[in-house]
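For clarity, chains are labelled A, B and C in written order, and residue numbers in each chain start from 1.
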């Protein structure tokens, strides 16, 4: 038999519970990525070479090496310094760091697209750099890059199965355990695949929708706050 | 990808890694890690070749194929982009034997990663082909070329230059994804790292060196693609 | 009367609800040179693009050298042409474009060799000899190995003419071939076309805004207006003594602009 529906119904509850862990890891990881990304973007755009060059190096380093090794690194290395992290926390930190590096490039593109005149006008109004950044620059820089950030949310979501490597009980790990308990991998792994496919397609449709709405409101900035 | 900070960083990390490693009697684990790195390189190269072939076929089928072929290409692209690489790897590894198809782990690794990156590559190829001016197709018709010939001799060579930088990024994504194959029993760099971590407990040293090794391979890819781009762009400044 | 080289039989072309050409009837004799003039949007470029099969037609039949181009005979009737038929009949036609459309990744010589080798199946050496000869003829014998980006607009357009001729067409189409050129480069291209008209027995159709050249070059001038031929005849008749009000208006507007 290629496909056993009874088995599917039997394992469904465990998989659904595990999918909540996957979703939790996705959102926590992405939240961290959004924050770290902004910090890295700002540091990388710093006027001092002593700050910008090492940040750039770090960003490129994170982007050039496998996230799996980064997960291992954080999971195994921190305890050496006496900080024992639960697997879930280590995994979320690693994903957040990895995608933070990607997000920082997106932020940077957004920040660089704000015309210089905005800084000059703010200086002319005697606004402090912090206020300028918070009230003038960020509100203009972020909306155009929301779809690009959304794409990284989806990418991060698709990387969460890696957490199975450090035994986080997310969807993939649960499917593997179910598979080995019952000596049948077809259904659990296929279901995991279908889950990711459906979620990604839904997310892609949402991003397109956001993009369309943004394009409209950016083209006609008078139309509402 | 910025080359200069990357290079600076590589040197810093490499020296740091070396310093740490020399403290740690790195002769113990360097040979094992190099063996793993060699497997990683083999999978990367195999996967990249498969990815390029799959991307070209899928993009051309999606753009110009007859309807059933077009659907097949769209299904391939959406499924492989919509699910994660690890799920695909496990599916090929655990589920295919159930249907009586037994592949070597190495073949599974190359197939899964190549097809995964190929699906992203298909969109790169499609974008580059659509960016070739329409007049090039029209001139090909006016010279009575069959569509396949026009695609092969006129359109693809022009699309090629525009494809190189995004392919460079995809190749690095593929390199990074090779770490996943350690989870299906292949003793690549990531696998060796874990194995040695368990036997020697030199956690910091091992993982630092492994990260630097991955960085080194990705710098080779970046430099290689830059060179290819310079060579390909020569004499191709579009004259239309 | 001989078979016309090109014949449009009640050809209609629509884009959505917009009719670009309205039951066009036009016959062009072998070796005849026809200039097509008219305001923009009158459908004149569409005539050439349909003949080159770059646009599908909605109604009617186009014949080339007595044979249907857009259709083929099957059981005594006409059915839409398949790719093979299209390619066989289309081989009689060559076209030169407003924006040259040279292949940027090939030298001038290679541009002229590509289709003869891969479409006509000429041996490489023969294709190269012919390409070199044609480049000589358009005055670019010394620029054979240059890439399009290394050539001026006028030179690129002359390569494009040589490239089209290398396929030995019976009919040559020129679509506003000087419109994208700087004024000082127009002359060299027209000079080549003039020579071509004199020395080769080619049927030529030219969409142009160069009224002076149309007058000197053409056997017949067709004035297009909103998808129809509003007036046609010998150049002297059209330019010196237009019968239609629309023709008069168009000519005075064009000549005033210089």
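What we mean here is this: a residue touches a chain if its C-beta (ideal position, glycine included) is under 8 Å from a C-beta of that chain, and two chains touch if they have at least 3 such contacts.
Nothing here was measured: the structure is a model prediction, and the numbers come from that model.
Asks: Sort the chain pairs by how many C-beta pairs are in contact and tell me the top one.
Replies: Greatest number of C-beta pairs in contact occurs for A-B.
Asks: Please flag the chain sitting at the greatest distance from chain C, going by CA centroids.
Replies: A
Asks: Quick check on this structure: which chain has its C-alpha centroid closest to the centroid of all protein C-alpha atoms?
Replies: Chain nearest the centroid of all protein C-alpha atoms: B.
Asks: How many angstrom lie between the centres of chain B and chain C, each centre taken as the mean Cα position?
Replies: Taking the average C-alpha coordinate of chain B and of chain C, the gap between them is 46 Å.
Asks: Determine the centre-to-centre distance between chain A and chain B, using the mean Cα coordinates as centres, and give it in whole Å.
Replies: 21
Asks: Measuring from the mean C-alpha position of chain A to the mean C-alpha position of chain C, what distance in angstrom results?
Replies: Result: the chain centres lie 56 Å from each other.
Asks: Scan chain B for residues touching two or more other chains and write them down.
Replies: none
Asks: Write out the stretch or stretches of chain C touching chain B in their complex.
Replies: The touching residues are 52-54, 83, 87, 90-91, 93-95, 97, 99-105, 114-115, 118-119, 147-151, 156, 163-164, 167.
Asks: Along chain B, where are the residues that touch chain C in the complex?
Replies: 133, 135-136, 138-139, 141-146, 149, 153-154, 157-158, 235-240
Asks: Provide the residue numbers of chain A that touch chain B in the complex, in ascending order.
Replies: For chain A paired with chain B, touching residues are 2, 53-54, 56-61, 63-70, 72-73, 76-77, 80, 158-162, 164-165, 172, 176, 179, 184-186, 189-190, 192-193, 196-197, 200-201, 204.
Asks: Per the contact definition, I'd like the list of chain B residues that touch chain A in the complex.
Replies: Checking each residue of chain B against chain A gives 1-2, 5-6, 8-9, 12-13, 78-79, 81-88, 90-91, 94-95, 98-99, 172, 175-180, 182-183, 190, 193-194, 197, 203-204, 207, 210-211, 214-215, 218-219.
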